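Next come the structures, one after another.
Note that chain A is present in both complexes that follow, paired respectively with chain B and with chain C.
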Partner chain A sequence: MRRIVRAVGGWFDSRLKVRESVMPMLEHPIPAGAAGPKGWWYVFGSASITLLLVQIATGIGLALVYVPSTDQAYASLEYLNYRQPLGWFLRSVHYWSGSGMVVMVAVHMTQVFLHGAYKYPRELTWLFGVFLLLLTLGMAFTGQVLRWDADAYWGVGVGAAMAGRVPVIGPAIVELLIGGQTIGAATLSRFFALHVFVLPGLLLALVGGHLWLVLSKGISEPPEPGQPVDPKTYDAKYHELLKTGKPFLGDAMSKDALFSSLVVIAVVVIAALAGPKGPHGLPDPVLTGANPRPDWPFLWLFGLLSLCPPGLETFVMLVFPGLLVVGLLLVPFISNHGERAPSRRPVAVMAVTVAATTLAVLSYAGATAPWSPVMEAWSKDPVPVEMVRRSGPLELQGAAVFQNKDCRNCHALDGVGGRRGPDLTDVGTRLTHNQLIDQVSNGTPGGGNMPAYGKKVNPAEMEALAAFLGSLRPPGQPPARVAAP
Partner chain B sequence: MTRRPSLPTLALLLLAGGCTPPGKPTPAGPSRPDEVTDFRTLYATNCAGCHGADGNLGPGPPPNDGLFLRIVADAELLKVITDGRPGTPMPAFDHGKGGPLTTRQVKIIAEGLKPTWGKPDPSGDPPGYALAPGGDAGRGMAVFARACAGCHGDRGQGGGSVDGRPVGAVNGPAFLALSSDQVLRRYIITGRPDLGMPDYAGTAGRPADFEPLDARDVADLTALLASWRTAPAGK
Partner chain C sequence: MAESSPPEPQPGPARRSVLRWLAGGAGAAAAGAVGVPLAAYLGGAVGGHPVNWVPIGRVADLPVGETRLHVFTDPVREPWDGACAKAGAYVRYLGPGDDGQPRFWVFAMNCTHLGCPVSWFPQSGLFMCPCHGGVYYENGEHASGPPPRGLYHMPWRVVDGVLEVQAPHLPTLQDTLEKPSGLVQLGRSRIGRPTGA
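== the complex of A and B ==
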């Protein structure tokens, strides 16, 4: 039996030359330091690739059932969730492994950054890495859209709004991205093509390039304080180092394999425990009472958006992410020589700490931000009984108008209702009659957070609204007065 | 070589076999809003905002009012929920009119009001619900002085009090512009028991010899309030 296998193997190998070309790659020497205990720092890149393979395998499985059409996408996911045996598990693994991939890529980049491994001669490897990060995020974003639920619909909406702010060519990009003026059938087809053909193709090509660079430039040695990189002498030094190097196929390879297995097991366990994500609610504006949120890799961006004042939105939506990417791309050019050890690079350590904290805080803000209006509050949340009791006929009409015009969807009364705008329980103590009318007519100046109701509210409705809002004061508290000049 | 099933194989076998891990979703999850057919749920999600959690003490006219449910026709309930009352804050609810509910759901709500809040109390002889043409605003003024002025002031400008709280004006053009004649007539007949306004026969805030309002009184009062919509009293 063994002999036959060998013979067949040999027949193929004498033609494919796998052993001749691949074995040397596997056996190429790596610095001895990277094969010791410090080698555990080097496992995150291969774990990312392992998860990518999981994504490809589960992704193919999903593509067999998923229907990329607006009227069937949602139903096909429900079919996977409830009817297809283990269909839910396939979806779950794909989601969690994708999340894991984002994590691994980020951790890998952080490690490379902290260890200064991007310095001479590995600048290009870093650049490939930055694009791999972007592509991974691109996969996460397009994948979330394929769920075609309320989250997806809304994610595309914000994405399009972002792209639309690009000067001059903005509208053209939007049209290209969503396939027309509005989010619809063409949008889903485009994102499907992106997620299944375009981005994975690019991703695999770049992974190939990235690996090629890793092989040809060699794995960086673990950083030692006091051994700065000097582009003039580095190559010779590294060559010298490899003389005592260890083959990759051995200790390093086993570490990679072990860690990758652990990561896959973790993904499988989480997938079984936590289950697939969504789909949450149909993407029909009339039907959703949902509170859409983007998937976690983008929460920070939405946290940022929800915190920023309207005037800064263009900057935050467009310029800021752009600057981040440019910053990452510039890293190896700003410092491609000098110390590599983190203990000698306080600025680098600070940068990582600050970035990680900022991302965590913004993600938290994004997860908790009362970002979107509560769609049903207008008809569902009763006007607090106390307010009704102390109202006269005009105020009662104002309260009904308040509900009727969807104000409640953004504004809570007594803590109940939407939280997009401030709770108006005591607004009568803050704003005078004229200020109230001004706020309702003009909304937030410059558009944005609160729509202008000037044209949607007739004079009688406005008078009733202002009377109702003006009466919203704790008992005995006088109405607001115009502040003395 | 001994062959043992690997960990992943084992896990997959467990998943495929009867055991249900916590992550497995159940179809009970999100149900489509247009499949809800329970009166209470439909009322709570669509009407409670304006008509109160239990059908009263909301800014809109209370459906939880035995007298109202006694005099109003089933067809009128169905119509007002389907079409809303244009010009007032009462919106149309039927899909066909741009509302959020299916025709079936509208019917369930309309037909659920009387069984839920109606009272089997046929005492008294209340005036009918339907608007009657030909009310006389001039005569209405005299009825108003007798039946309403004690709380709402001689010209409807407000001023009286109930339980120590001031009673508001009913002559304001904005208030009246947003109220249909139909709802004004209804308030004259049913009052607002939840807020302390008496019905057509109630005596609170009225002279001792007060006689229940009859159909003609109600029509004339409705005409009077309607006339204030364009020509505010006392100007």
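== the complex of A and C ==
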């Protein structure tokens, strides 16, 4: 039996030449340090590729059922969720594995940055990596659009509104992006083609280039303090290092395989427990209840756009992302030599800390979105009973005005309600009766945070509202008064 | 190739360069023959804004001083558009003006900040956007939040006592409904888009 297998294998190999061409690649020597315990730092790239393979497999599966047309897409997603056997599971794995891919690519990039592995002679490998990050994010965005629900519909709208701000050619870009005058059938088809053909094609090509560079320039040795990279001597040193190197096909590959397998198992467990994402609200442009939110990889941008001053907005939308990308592309050219160990590169460590903290804070802000009015708070959230227990008729009427005029959508009482404006639980201690009337009537001067209600609240309602707001004080606290001049 | 082959008569340099030029030229022609139509195909989406009037309702039936969301089907649509073919307009009949002609406020649903759908709150007379908290007064003017301008006005007219609005394209800051982008309009004469269905 063994002889037959060997003979058949030999027949193929004499034609395919696998043993001559592929095996040396797998067995190429890597620095001994990278094959040792420090090799655990090197597992994130292969995990990213493994998740990409999971994405391809599950993506093909989903494409067998999903209908990329705006009248059927939502129904086909529901069919996948509820009717197609294991359809929910495939959708779930595709979503969580995609999320995992964004995480792995980011972790891989951070590791490469912290270990200075992008320095000479691996600058081009880093550049390929930056474009792989962009493509991964592009897949995340186009994938979110294929989940054709309200978030997807309005997500495209937000993208188009941003593109529409590009000077002069903005409107043409919008039409190119959405495939016509309005968001519709052509839009979804475009994003389908991008998500299924264009971006994966580019992704695979760049992964190929990235891996080829890893082979041709070799895996970097684990960084050691006091062993700076000098482009003049590095190649000879590395060549010397490989003489004691270990073949990749060995411990290193086992570590990669083990870690990738654990990642896949984790993704599958999360997918099984958490289930697929959406589809949420119907993709109907005239349903005003929509409350669109981007998927998590873009929450930081959502947060940033909400928090930046209006004057900077167009810059933050159009120029800032470009600057970030240029910054990443320039990394290996700003410092392609010198120390690689994080302990000798405080600026690099600080850059990662600052970037990670910023992303986390902005993402948290984006997830909680305190700037968004709570559209149904005026009718849904009752005035806390404690606040009106001892109120007279005027204050009670004021409380009704407060709810009816939608104040609650932006102002919380006792922590419940909108958070766009200040919580008004104690407002009676801060503003006098006249100040309250002035604030409500005129809003924030110059079109700030609060609209002017002067024309929408009649004098009797205003009087009642101010009485109610003035009564909002903790027990024993005196009302606000104007300080003596 | 490692194997040595018997020397063959080499073509002269002139013939070689002719061949090279020929290959380059044919390659460019072939690439153009596929690439130019493909680019035009993709660019065909930039096709200007055809003007289509959609009836909203009889003026006599519209209540004075009330803002309402009117839903209609965009005449420029594909059979497989589904709900996306729907469009909405916030319409408020202001009653007849001094000249006796009816006056209206007609706004698109898209927030001018980033295009999210605004909701109308009749109690407070405000439009509110769920995304970043843009707020507009009942006359469409910017009240608060990040929007850089008021709501987009939709062109309207009254024909035989019926209010009609212009079916909207996706309005953006440089390509509003009142004043469409000149650049996009350029494409209009070039490609006739089907407007039926």
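Keep this in mind: the second predicted complex is superposed on the first by the 362 of 485 C-alpha atoms of A that agree within 3 Å, B and C clash if a C-alpha of one lies under 4 Å from a C-alpha of the other, contacts with A are read in each partner's own complex, and residues count from 1 in each chain.
Keep in mind that, in the parts below, a residue touches a chain if its C-beta (ideal position, glycine included) is under 8 Å from a C-beta of that chain, and two chains touch if they have at least 3 such contacts.
As the structure is a prediction and not an experimental result, all values here were calculated from the model.
*Asks:* Give one of first, second, both or neither to describe whether A:70 is in contact with chain B, with chain C, with both, or with none.
*Replies:* In the superposition, A:70 contacts chain C only.
*Asks:* Which holds for A:378: it touches chain B only (first), chain C only (second), both, or neither?
*Replies:* both
*Asks:* Look at A:451 in the shared chain and tell me whether it touches chain B only, chain C only, both, or neither; answer first, second, both or neither.
*Replies:* second
*Asks:* Between chain B (first) and chain C (second), which does A:404 come into contact with in this model arrangement: first, second, both, or neither?
*Replies:* Both partners, chain B and chain C.
*Asks:* Answer with first, second, both or neither: which of chain B and chain C does A:325 touch in the superposed model?
*Replies:* A:325 contacts neither chain B nor chain C.
*Asks:* Which chain makes contact with more of the residues of chain A, chain B or else chain C?
*Replies:* Residues of chain A touched, chain B against chain C: more for C.
*Asks:* Return first, second, both or neither, reflecting whether A:18 touches chain B, chain C, both chains, or no partner chain.
*Replies:* In the superposed model, A:18 contacts neither chain B nor chain C.
*Asks:* State whether A:165 touches chain B only (first), chain C only (second), both chains, or neither.
*Replies:* second
*Asks:* Figure out whether A:56 sits in contact with chain B (first) or chain C (second), or with both, or with neither.
*Replies:* A:56: touches no partner chain.
*Asks:* Identify the partner contact of A:306: answer first if only chain B is touched, second if only chain C is, both if each is, neither if none is.
*Replies:* After superposition on chain A, A:306 lies in contact with chain C alone.
*Asks:* Show which residues of chain A both chain B and chain C reach, each in its own complex.
*Replies:* 282, 286-287, 289, 378, 404
*Asks:* For the complex, give me every residue of chain A touching chain B.
*Replies:* Spelled out, the residues of chain A in touch with chain B are 78, 81-82, 85-86, 88-89, 92, 264-265, 268, 271-276, 280-282, 286-287, 289, 376-383, 385, 388-401, 403-404, 408, 459-461, 463-464, 467.
*Asks:* In the complex of these two chains, what residues of chain A are touching chain C?
*Replies:* 69-72, 153-154, 157-158, 160-165, 167-172, 174-176, 178-187, 282-292, 305-306, 310, 313, 371-373, 375, 378, 404-407, 409-410, 420, 443-444, 447-453, 455-456
*Asks:* What residues on chain B touch chain A, complex-wise?
*Replies:* Listed in rising order, the residues are 7-8, 11-12, 15-16, 21-27, 30, 32-34, 44-50, 52-53, 57-60, 88-91, 100, 158, 165-170, 172-175, 177-179, 195.
*Asks:* Mind listing the chain C positions that touch chain A in their complex?
*Replies:* Chain C reaches chain A through residues 42-43, 45-47, 49-50, 69, 71, 74, 76-78, 80-88, 109-110, 113-121, 123-126, 128-133, 135, 137, 142-146, 148, 168-170, 172-175, 180-181, 183-184, 187.
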